[in-house]
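Quick heads-up: structures coming right below.
Here come two complexes built around chain A, the first alongside chain B, the second alongside chain C.
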Partner chain A sequence: MIEGVKISGSLRNRLTVSLIGGAAVLALLMYFIVRAYATQIAQQGQDNILGASVNSILDAANVSEGFIDVDFPYASFSMLGTDTDDRVFYAIYQDDELLSGYDGLAQIFPEVDKGSAYGNTTFKGAPVRLASASRMLVGADLRVQLTVTVAQTQDSLLGALNRIGRNVAIFGAGFFLLVVILAFWATSTAIGPLAQLTTSVARRGPQDLSPVASPVPREMAPLVFSLNKLMARLEYSLSRSEDFIAEAAHRVRTPLATVRSHAEATLLRVDKEENRQAMRSMIRAIDESSRAAGQLLDHAMITFRADNLDQKNIDLVELVQDLAMRLSPIAEMRDIELQLDALGPVSVIGDAILLQNAIRNLVDNALKYAPSESIVRLVVATTPKPSISVVDEGAGFPVGEINLLPDRFARGSNSGGIIGSGLGLTIAQEVAEAHGGGLTLNNHSRGGACVTFSF
Partner chain B sequence: MILTFLVQPVLAEEWEDQQFFGSATSQKTLRILSNTDTRFFAPIIESFLKSQPSVSVKYLVTGSAELYDIFRTSPEDFDVVISSAMDLQFKLVNDGYALALGDLEHPDWAQWRESLFAFSTEPATIVINREAFEGVPTPSSRQDLIKALRQRPETFQGRVGTYDVRHSGLGYFFATQDARASETYWRLTEVFGSLGVRLYCCSGDMIDDLVSGKIAVAYNVLGSYALGREDAQSQIKVILPSNFPTKMMRSAFVSTNTRLPDVAGTFIKHLTGIQADISKAATFPLPPLDRTVEPAISLDPALMTYLDRLKRRTFIQEWESAIIQ
Partner chain C sequence: MKFLLIEDNYELANAICARMRSDGHVVDHADKIFDAIEYSQIGEYDLILLDVMLPDGDGREFLKHHRARNRSTPVIVLTARSQVSDRISLLDLGADDYVTKPFDHAELEARCRAALRRNSGTSQSITVLADVAFDPVAGSLKVGDSTIKLRNKELRIFELLINAPQQIFSKQKLFDRLFSYDDDVSENAIEVYIGRLRKHLVGSQLSISTHRSLGYRLDHD
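Moving on to the complex of A and B:
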């Protein structure tokens, strides 16, 4: 179906990939942002507790009898208990001198009475978060700056972060999966109208060059507009060439009629047998040309009318009867009996002129190929579909060519000596197709051809 | 004289007890530093050695405060450290002296950092000499005790004993936890002071003096030790104070400097396996880990509070001013 079309990439893939790629970037971004945010919040939580611990120790400090006493509560450290049993270190400094606690714990000396300062360091081989705060203590003859630092390892924080990270990763992956599904759905939805257009164009009959009628998305309008224009041009040039053929046929037929009457007159006047023979051949050739021109005209008319069917309610039996009557002189000339088989009126919707033309061509063929003193039966049936069959008692269609015969200008191998243009079956077939039906050719089991025109 | 003074503290540590279990020719000797009397641990060590025939155990006993100092000075000399002073044990672990044992099933509240494992629940008790309380009701709480002591000061003068918190790690731990729980502790201490209290290093000595009748009341004695003296139950009576009993959890950890981490880990597993299972522990002398209630004194950083130099100084000052009159 798409042989011969050069393919470069795929809209669907491009759309899907860009949507999925975007989603992946967003998911990663979300992961990192939420993680960073969570880190900040978790760190804030730890800092708050460390700060509270530091302050509870500082608050317990007082100067009594020249001594610094820091009788801090049990809660100062118990508030630092964590699920993961983080280690706790602390140091209490009087000015620059360690008063109590762990020696070597990195000191930040925040400004006095300016709240806690926080930092990260490593102590006893473990990374710790520490909080520090300072307070000025004033005694009788004493004025010291007391600095308290409390540090805690970060196992609990890291555990929490890992948990959050894992959850965010799961959410991110879920989000990504959802977007992937949405991307496929969105892509199909976006590509859908294109596929619809493709189907509607592909399903068209060979003659259908009408513009695309169903609405299309805005983005596809230029394409459809161009397509419609292309088809209009195609139709125009097609009808031009049909017109040309019709015109040509018409122009040829009239002079041919003149030539024929002259030839007939001449035939009456010549006596020499060889001259008469030549004249007869000439008349015969003229007849053939004239018939071909006539059929070309018919064909052009059918091509035109097929696109603009003049739909009317028609009784097939009446139509065939009428036709049989008109053709009976020719039949009688050949000693052939036209026999109509019909049970009752068969009504169909169709173009009477086209149908007449088509059936006449079929009957014409039958009359041409049927032997003398035979019967040509015209069968009008209603089931399974309304149809007209033309059955003769002639030699039948040449086996093996049966499918090719409806082609333009195709003639059977048994047609030698019989006048014909090869357009009769083509016309019948095109009319049948214009009416949504078909033409079936087969040979009767007892000999003779059978052509069924069905709706 | 000077030489001895210089050499002695370095070379010979004054062990309260020192026992060797298993074959002397064994390749691996697990060195356990403990403040728990050998008789409580011998059955556990023996059952451990049954499953580890190639191992021998050197069991070294010292006081809880000395244990802390000895271990901090030479942590590489010991594989397993066992002590009843929860605070000191906690501090050692917090300071990074303990090895984490990842594969040990133990209640969360009874362990810290998968390194420190509590394996017994032992209350501090009031132990009285039955004779001294003949004809009078035995006290059931600290308030009762205060009342009883005040009513008959002549009976109890110089006959009351408790830990010297300045030298006993466990005594200090019990005292600080008592003080934290109730003001009654200070009132009691003042009464003790007024009666000329005798100060002891260890539960064992207090029980000895109770049995002999040298003292009539001992406060904050390890109930397990007192009950463990089966021969003395007719002379003494163990009373669990009805309000806020102070309960200590004995704990153990493996030193980071151990040369036998696998054996030491297996020993801790063996120990906790016995002690955390009441039916198993019943066949051993050490009280089991009480799994029915979470302890009032939990393994958390607050244990380090009273180990703070300033806090300790303040506490000791207060204690001294109350008890030494």
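Moving on to the complex of A and C:
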């Protein structure tokens, strides 16, 4: 269906890829932001407890009798308890001298009475978070700066962060999956009208050049507008050439008709045998040329239509019946009886105009070649394939030429003086082939020709 | 019978009129739709012959107008087009039949007869001569009490003879009327049909006499 169309990527892929790509970036961004916030909040929590611990130690310090007395409560450390048994270190400095706790615990000396300072460091091979606070203690004869540092390993915090991270990752992946599904849905919804337009244009019959009537999304309107304009132009030029052909045929055939009528009238008045012969050959020549012109036009039309076959449900019996009625005056002129053999409706899918033209050509032939006062049978059958056979009681086909007759302009050697263009069987054969069938020519055992048009 | 011919080409119209009148019919000729409508309103016609392309419009316009007034007069379209779809649309519009130009007069006659038969069954113009009644549309011959159905060629010979009784028709003339120009038959075939007609006329007051080297004549006692 799309041979000869240059493809530059796919709208659907482009849409899907940009939607999914966007979703991936969003999911990753969300993961990192949530993780960073979680880290910050967890850190703040730990810092608060560390700060409270430091302060509770500082609060317990007092100066008595020239000594620093720090009797800090149990709660100062128990408040730091976690479910992963994080280790807690502490150090109490009086000015720069370690009073109690772990030596070497790095110190951050905050400014006095300016609250607490926090920081990260490594102690005993483990990363720790530490909080420090200083306080100026003034006794009777003593003035010291007491600095307390409490540090805690971060196992629990990291564990909590990992849990949060995992949950955020799962949530992000879920979000991503949902967006992928939505992306596919949104893409097909967006592409849908395009596909509908394609089907509605592709399904048109060969003669249907009417503008697209069904509503389309606004973005497609310019395309449909151009398409409609193109079809209008096409229709105009087609109808112009059709009109031209019709006009040309009219111009040629009307004078021919005049000549023929005059010739016929003259023939009735002329007595001399040689003049009569001349008039007769004149009429024959007129018939021959007009028939050839008509068949050529029909043939051109059939070639055109066969490329854009109309697909309609047709009852073959009805079609043949109608045709038989149309042709009965011609049959009557030669006292030929048209007999229709059919059991019931035979339904096929096809182009009624083409089929009518093809079968008409076959019946025309039978009427021309059958002897007068004979019977031409039109047999419509369903098995093995739907078919129409035209059987006459004439001389039949010349045996040696039977395969050549459907060729263009080919005529049987026994056609004698009967007027024909050699296109009738060609037309029928082309129509049959366009419908996926064929034309079979053979001679009846009791004499007479039998042409079968099958689907 | 009375015909209305609507055709803008004078040459062709004259030829058709001449031929039809020589067959004993009455023909009125209109060369545009306006006149044709007027004629068809005033006159009673058995049949209308209509050209498609006319100076003041399309023949289809006349058809629409004609059918809109519920006129049942059959219309046969003379068309120079040969596209099948065109023919179909003409029939859809209410034409009874069509012939493609240039046409064989015998074919036109046959189609007229068929259209008239479909329309009314019989003709209003039954010719009665002596004790024989001839219906050219039904193609029947009534001799006394028995009705005989004529074959087409017998009918066409008899139509000619009965329209001009006492006139001698040459074998050639009968032959030209009877056979199309590609029929490969000798003039002697006429004798077969004359013989059959004579058989049909046995017992009536009519008879066909042979005039040596001149032709045949319908006589009545």
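One rule holds for everything that comes next: the second predicted complex is superposed on the first by the 269 of 455 C-alpha atoms of A that agree within 3 Å, B and C clash if a C-alpha of one lies under 4 Å from a C-alpha of the other, contacts with A are read in each partner's own complex, and residues count from 1 in each chain.
One rule holds in what follows: a contact is a pair of C-beta atoms (placed from the backbone, for glycine too) under 8 Å apart; a residue touches a chain by one contact, two chains touch by 3 or more.
Predicted model only: the values in this text are computed from it and were never measured.
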Inset, instruction - Examine A:363 and indicate which partner it touches, taking first as chain B and second as chain C; both and neither are also allowed. - result: neither
Inset, instruction - Identify the partner contact of A:425: answer first if only chain B is touched, second if only chain C is, both if each is, neither if none is. - result: neither
Legend entry - Touching partner for A:128 - first (chain B), second (chain C), both, neither: neither
Legend entry - Partner chain(s) touched by A:328 [first = chain B, second = chain C, both, neither]: second
Legend entry - Superposed model, chain A: greater residue contact from chain B or chain C: C
Legend entry - chain B versus chain C as contact partner of A:78, first or second or both or neither: first
Legend entry - chain A-facing residues of chain C, complex: 9, 11-12, 15-16, 18-19, 22, 53, 78, 80-86, 88, 97, 100-107, 110-111, 113-114, 151-153, 170, 172-173, 176-177, 180-182, 184
Legend entry - Complex interface listing, chain B residues touching chain A: 94-96, 112-114, 180, 298-305, 308-311, 314
Legend entry - For the chain A and chain B complex, residues of the former touching the latter: 68-78, 80-81, 84-85, 87-89, 92, 99-101, 124-126
Legend entry - Complex interface listing, chain A residues touching chain C: 207, 242, 246-247, 249-250, 252-262, 264-265, 267-268, 271, 276, 280, 283-284, 286-287, 290, 293-294, 297-298, 301, 326, 328-330, 332-335, 353, 356-357, 368, 372-373, 416-419
